[in-house]
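Structures follow.
Two complexes follow with chain A in common, the first pairing it with chain B and the second with chain C.
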Partner chain A sequence: MATTRILEGLGRLYIFLLLAFLYLPIIIMALMSFNVSPFYQLPFEWTTEWYASLWQNDQLIAATWNSLEIAIITTLISVVMGSAASLALYRYEFRGKKVLQALLFPPIAIPWLITGTAMLIFFFGVGIGRGLFAILLGHVALALPYVIVVVSARLQTFAPELEEAARSLGANQWQVTMRVTLPWIMPGVIAGGLFAFAVSFDQFVVSYFLSTPGQTTLPVEIYAAIRKGFTPEINAVSTIIIVVSMALMLLTARFFKFGGEK
Partner chain B sequence: MAGVQVSSVSRSFGAHKALDDVSIDFADGGFYALLGPSGSGKTTLLRQIAGFDFPDTGRISIGGESVERVPVEKRRIGMVFQNYALFPNMSVADNVAFGLSVRGEAKAVIAAEVQRALDLVQLGKLGGRRPHQLSGGQRQRVALARAIVTKPRVLLLDEPLGALDKALRVDMQIELKRIQREIGITTIFVTHDQEEALTMSDRIGILRDGRLVQEGPPEEIYDRPKSEFAATFLGDANIFRGDTTGNGIRLPDGTAIAAGAGATLAAGAKASCAVRPERIRIATDAGASDGDANTLKGQVSKRIFAGNNSTYFVERDGQTLKVIVQNTGADRLAEGQDVVLRWSPESTVLIAAN
Partner chain C sequence: MAAQSATASRSGLRSALPLLAPAYLWLTVAIFLPLSAMVFFSFMTDLPLSGKSWAFTLGNYAAFFSQSLYLTLLLASLRLGLEVTLWCIVIGYPAAYVLAKVLKGRSREAIFLLVILPFWSNGLVRIFSWAMVLREGGILDTALNAVLPFKINIDLMYSYPAVIIGLVHSYVPYMVLTCYLTLQAIDDSLIEAGRSLGASRLQVLKRVIIPLSMPGLVAGAALIFVPVVGSFMEPRILGGRTGTFYGTVIEDQFVAVFNWPLGAALSFILLAVVLVILAIASPVLRRAA
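Let's turn to the complex of A and B:
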């Protein structure tokens, strides 16, 4: 009995430490965004002046919009392309399918630094150069394998007779896909979309390589700002982003349970 | 509604011949069972008729129209799958409505037809349920309603009762037969269950290794099997092998067995005789022979009592024969007892050796 209680206590302590490890830096940063002192000095004095001055920081706001735009477009493109690719790999047998499937996943393991360098060289070679469009292309390429992995995993649980049943009832390929297959893989599509959004919105390395001074994303802009001199505005913008993205994640987890529904 | 003609259809997958020159005429409005062990090609044949797969050679026509290169969605067939294949994201009513909805029928028409189909399968009140809230038998009915609501030309059933337990299966057999009669649709039913084939269908086709072994009404196949395989796959049979005498065979030990039916064979050829276990009479005495009956002596090695009947296993010259005796209350025979078996030539079918 006593041992059970001790083990239980240890278990709780472990979970607590784990959560502290994950959230402590974030919580401190969020608190400091409301502190008067820009140099993390205590005692803590409440202020919202950093949020007010953030509103005046046009560069940071422009970069935030760029990041959001790129992340949303990346999500849409990679979800559509990735789901279509997963469906094709699931449905059809064709020459070189195995090779193609094998080649889809190594990009996940290639360090972003190397991918970024390669893209920079390539985009210059083909005349695309740097800028927001180049960043978008890079992000789509990074996000696609994630979408394909997640959607394909969901497709593994799909019963192929459902498509056959739909066809026997007179449905054409488009109707079968939209009314039978897609509803089934939707949790996978949403989860893949979240991954794509996160990969793009968090992306620093590839974005850094492909940015130009006027055309950059939020992570790159934050990095540039820190190098010039740290300001609590960075804490403020980071806090806003954390709150928004955590709310988004919690909502999605609640509605879709990441494909866990039967 | 329409008949289905399959003419000389062959289909290979790599080196494996799944269907080898199969021809069957499925009559308009009939209930036809395709029976065979797994790997016999029965499901492959059903998929050719459905249009999921196309034959390498041969022709398939539905209602006189050639369809062997028409894909399934254009064939106007109804199909019930082994695991029902109900759409999990839709309600029962939406499942049934699917075929009408993809055709672009008006909402009011769909609602009325769906209700009629659900009433027909006695699920009129369950339209709002989800498939996972239904029992196996109810899912089966939904699958059937979904398949017939579009008024297909032919109804195809792929082992539809395989997933149900025994009691429910018998209920569904009766139910399926009732619905089929009511709408008069040509029905092709794939099964490996011989009892199901016998009780439900007007005609049976037995397949083996991609070939049609025999085809005809259940009584004809049961009473006049044309091969040892047909005799033993559809029902139980005692098989005797020997040389033909023209109207029977002579066993290796010289005993003659007279056959009243079956193949006409040249004397001296290898042949078999098949006798159903319930056609053999079993007795302890050698006398009271009724003229031309076939007679064999043996010894009871085992008796299995099954309530309404008993099965006796009788050893004779290294062969175990099966005899089924109705429970009439008469004296039962003990294991180890010497017995005489008798049966008429009319109960004996002569089969060419395969």
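Let's turn to the complex of A and C:
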């Protein structure tokens, strides 16, 4: 039918417009990070000057290292704890299990503004205070529910008969877990880890309330720089962040798909 | 289900506890205790730190209800949340429909990934990228003046529309994602049946497609509305002086004014509003599940 054809064509055009809306500002920012004029003036002249000057900006570099360290430690801690919790929720039946599963949603659903200010108050009250350790405490808590949800989804595809079989062949609980269950849920664990890394590395709100001038992360440092005034250096570092986090998510998508196919 | 009964034989909280304890202890220390502490603090006159004297008070909540500023800002934030959510529905729903029902195979997969990819990248940076597009003499300004025969000045930066644009850009992928999932689950034969029984495209849309995809719409709306009401960074960067909202006032209490008890009370009121909204949305979502 002709009308159907036209409608489908319009549909495709519409998707194209949406993608343009989603990507144009990002592409423009990336282009401007290579533009000579610090006031984003056209015509466009190519330079890598702003990327070079990033290397001179000790504050940004220190904040970047903090972000990376915290993201890596957050990933390790939340993957180990989260996978263990998912296994327990999968294997065992007990009273209150539904409550424990429901408790995973407040950290995801409550706006980070509320969670972040609450952490600030509590950590101050109990003497932990602000700084990198407080930020790490917060990030792990934010990442844990995501890891548990992702690993649990992978566990749904696991056949418990495999564990039974291994056990009947004389494997103990530890061997069963390490040799049978863990290899199976590995795609889920890796996807959960990538989630955790992204949650931590891109986290701004919670880090913002928990940071101090010397102990801060990259997004917090960028926010401070934006509020002081725009500079092409922020474009450069923002472009790097966008590329890194998008690459990370493409990687996650791959693992998710492999997880589903096996 | 067979899996459930097979594992139930080795049931018990005692075996589960060592595996569960680390994760849930951490969540308790870093999420649940802080939220409780926030409620506690919101009833105090001052922080019980460094020997300051303090007492219990309802003053922080009285401040919210007696000064019309806070209520006005909360309403402004709720309106912002509503407007952004509506725009996301208007823009996101048709896109989800095209993805689910028009595109097929590899191109659908690729475009789906392209749509949801940005919302995994840093939100702060994406908001900032709009500054370059919207400012006077920015890209939008330059492009429009190059095309149009007359001179116009587009200076959307530091305005309410700028905040809306930035927030819609940030959150529209959620709507596409949730609506896509429910639209995809609708059996095509239902649509064909409706059409062959003489319903027009519009009638099929109204009577079949929209009702069946309602859970996705509601889930998307909740996922967008809640964080937008609590947003503060987006209005600050794109709204400038016009960007004062409930979230920015809470931010101020903690980082500029240092009236933490008042900030805690304001946060808690926001939390209550958020919980009411989630409670309203949950029956629709549960009916779907």
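Assume the second predicted complex is superposed on the first by the 244 of 262 C-alpha atoms of A that agree within 3 Å, B and C clash if a C-alpha of one lies under 4 Å from a C-alpha of the other, contacts with A are read in each partner's own complex, and residues count from 1 in each chain.
Criterion: a contact is a pair of C-beta atoms (placed from the backbone, for glycine too) under 8 Å apart; a residue touches a chain by one contact, two chains touch by 3 or more.
Just so we're clear, the structure is a prediction, and the values are computed from it rather than from any experiment.
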Partners on chain A (chain B, chain C) - clash or fit: fit
First, second, both or neither for A:F34, with chain B first and chain C second: neither
First (chain B), second (chain C), both or neither touched by A:W50: neither
Angle, in degrees and to the nearest 10, that opens at chain A between the C-alpha centres of chain B and chain C: 100
Touched partner set for A:D202, first chain B, second chain C, both or neither: second
Touched partner set for A:P106, first chain B, second chain C, both or neither: second
Partner chain in contact with A:Y92 - chain B first, chain C second, else both or neither: second
Residue contacts with chain A in the superposition, chain B compared against chain C: C
First, second, both or neither for A:Y146, with chain B first and chain C second: neither
Lowest C-alpha to C-alpha distance for chain C against chain B (Å): 7
Touching both chain B and chain C, residues of chain A: 159, 161, 164
Chain B residues within the chain A interface of the complex: 50, 52, 71-74, 76-79, 81-83, 85-89, 98-99, 102-103, 132, 146-147, 150, 156
Residues of chain C touching chain A in the complex: 3-4, 6-8, 10-13, 15-17, 19-20, 22-24, 26-27, 29-35, 37-38, 41, 47-49, 91, 94-95, 97-99, 102-103, 111, 113-115, 117-118, 120-126, 128-133, 137-139, 142, 169, 172-173, 176, 226-227, 229-233, 236-237, 247, 250-251, 254-255, 260, 263-264, 267, 270-271, 274, 278
Residues on chain A engaged by chain C in the complex (per definition of touch): 8, 11-12, 14-15, 18-19, 21-26, 28-29, 32, 40-42, 81-82, 84-85, 87-96, 100, 103, 106-107, 109-115, 117-125, 137-138, 140-141, 144-145, 148, 159-161, 164, 198, 202, 204-205, 208-209, 219, 222-223, 226-227, 230, 234-235, 238, 241-242, 245-246, 248-250, 252-253
Complex interface listing, chain A residues touching chain B: 159, 161-162, 164-172, 175, 179-180, 183-184, 262
